[in-house]
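Pasting the structures here.
Okay, so subunit A shows up in both of these, paired with subunit B first and subunit C after.
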Partner chain A sequence: MVGIVIVSHSNKAAQGIKELSIQMIQSPVQVIDAGGMVDGDIGTDANRIKDAIEKADDGDGVVVLVDLGSAIMSTEMAIEFLDREQRERVVIADGPILEGAIAASLQASIGGTLVQVKGAAEECREVSKL
Partner chain B sequence: MTRDQLLKVIEEITIVIEENKVHLTDLDQAIGDGDHGINLNRGFRAVKEKLESLRDKDCGTILKTAAMSLISTVGGASGPLYGTAFMKAGAVVAGKEYISVEDSIKMFDEAIQGIIARGKASRGDKTMLDVLVPAFEAWKVAFEEGESTEKASEKMLGAAYQGLEYTKTIIAKKGRANYLGERSIGHQDPGATSSCIILKTIVDVMAKGE
Partner chain C sequence: MLERTIEIQNREGFHARPATVLIKEASKYGSNIEIEHNGRLVSCKSIISLMTLKAKQGDTVKVYVYGDDEGEAMDSITSLFNNRFGEE
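On to the complex of A and B.
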């Protein structure tokens, strides 16, 4: 099953988004939060993100949702730190972190492929709220 | 530059970044999220803690260890950016205990290429590249023209500070400052400022020749 990693500058935001994402799903999708720094400060940490990706990956790959700025750079760096073989099945979704995480988790829970899960997160860019 | 000088450079950078913490943060508050000085200071303090264990290591290991500390502790965009720069520069001198002029040119070039690839920025975007690229070019050209290290350093710093001034005149295209558009004009870029500070520190340590 495809795993999900949530990368936010805020530990609380990443945890909260994870909470909302797993609320809707029954099957055991790995949704791992990687928010903030080790000491709880605001920021992103490539090593923390790498650990989260490794935890989320059962062999089917991982879709990473990011907030902004250094979250993207730190995630790209985390992916470079992975083994070559694992690196191939980890992707960053270009979509909103909250809605994207919910949609991606749902898609993963029904057995979606890496491409489908990433697509579900990215489709959220087009969803109008009002 | 010897290994001991490299360690001295890194140690001096931690001191100078600490001294400039408020200045860098003030610059970042004007056009960013206001944490550049705090973040870099936290990062280089973590690097400093590692220095003692690096006294007998090669230049590549020293720089790579510093890079990993920055990546894990800075938190903001400057973490992956400076982390990548230190890592790329370190790869050039892996296993070496002395950095030659040729090495320094290659390290500077690799560091800049790493920053470009990581940040997907180019010169003129109001980033550290507006300092680093002209500084590198001045450094390289000076040696091609047969200048002394002293003269090359002077030209390199001259180009760096000119680049820093230039960041005041342009619109930010990257990072949080990007949201400000034209309102970013008139402000000096914080990342370009910290890059200048780091280059000046390297030159100062080399000039002392300790």
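On to the complex of A and C.
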């Protein structure tokens, strides 16, 4: 099953989005949070993200949801740290982190491919809330 | 293609959680399943669109199912709506 990693500057935000996704879907799905710095400060940490990706990947790949700015750079760096073979099945989704995480988790839980799971997260950009 | 009009019975309407249940069920069938509400036609493959369908209690939606297993798919989808997607 495709895994999901949540990268936010805030540890609490990443944890909360993970909790919400898991609670909403209520089926087995691998969602790992990688928010904040090791000491709990606000920020993003490439090593923490790398560990989360490795934990989330069972061989089917990982879609990473990111918040802003350096979350993207740290995630790109984390992907660089991975083995070449694993790197090829890890993608960053260009979509809103919360809605994207829920949609991606649901798509993963029903057996979606890496492309489909990433697509589910990115589709959230296009949908009006009101 | 099968078509059926169904009333939303969930007290809080058709929101994210019922949408989640519906998408999971729809994924078990090969048929295409689409829901129409308020002039908007949404595929069950489109997760976020279905979650933002915003049908209220008492509203009706039209369910369209087409494909090899459409009969079975329509029956299971209809019973989900009628069982309020497992909610109170």
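Here is the rule we use: the second predicted complex is superposed on the first by the 129 of 130 C-alpha atoms of A that agree within 3 Å, B and C clash if a C-alpha of one lies under 4 Å from a C-alpha of the other, contacts with A are read in each partner's own complex, and residues count from 1 in each chain.
Everything that follows uses one rule, which is that a residue touches a chain if its C-beta (ideal position, glycine included) is under 8 Å from a C-beta of that chain, and two chains touch if they have at least 3 such contacts.
Computed from a predicted structure; not experimentally measured.
> In the overlaid three-chain picture, which partner chain does A:46 touch, first (subunit B) or second (subunit C), both, or neither?
In the superposition, A:46 contacts subunit B only.
> Looking at the overlay, does A:74 come into contact with subunit B only (first), subunit C only (second), both, or neither?
first
> Counting only touches as set out at the top, which of subunit B and subunit C does A:27 meet: first, second, both, neither?
second
> Taking the superposition as given, does A:38 touch the first partner, subunit B, the second, subunit C, both, or neither?
first
> Considering only touches as defined above, state whether A:115 meets subunit B (first), subunit C (second), both or neither.
So A:115 meets neither subunit B nor subunit C here.
> Thinking of the overlay built on chain A, is A:103 touched by subunit B (first), by subunit C (second), by both, or by neither?
Touch status of A:103: second partner only.
> For subunit B, which residues are in contact with subunit A within the complex?
35, 39, 42, 68, 71-77, 79-81, 83-84, 118-119, 175-176
> Which bits of subunit A are touching subunit B when the two form their complex?
9, 37-38, 41-48, 69-70, 73-74, 76-77
> So in the complex, the part of subunit C that touches subunit A is made up of which residues?
16-17, 20, 23-24, 27, 46-49, 51-52
> Over in the complex, which subunit A residues touch subunit C? Could you list them?
24-27, 99, 102-103, 106-107, 109-111, 120, 123-124, 127-129
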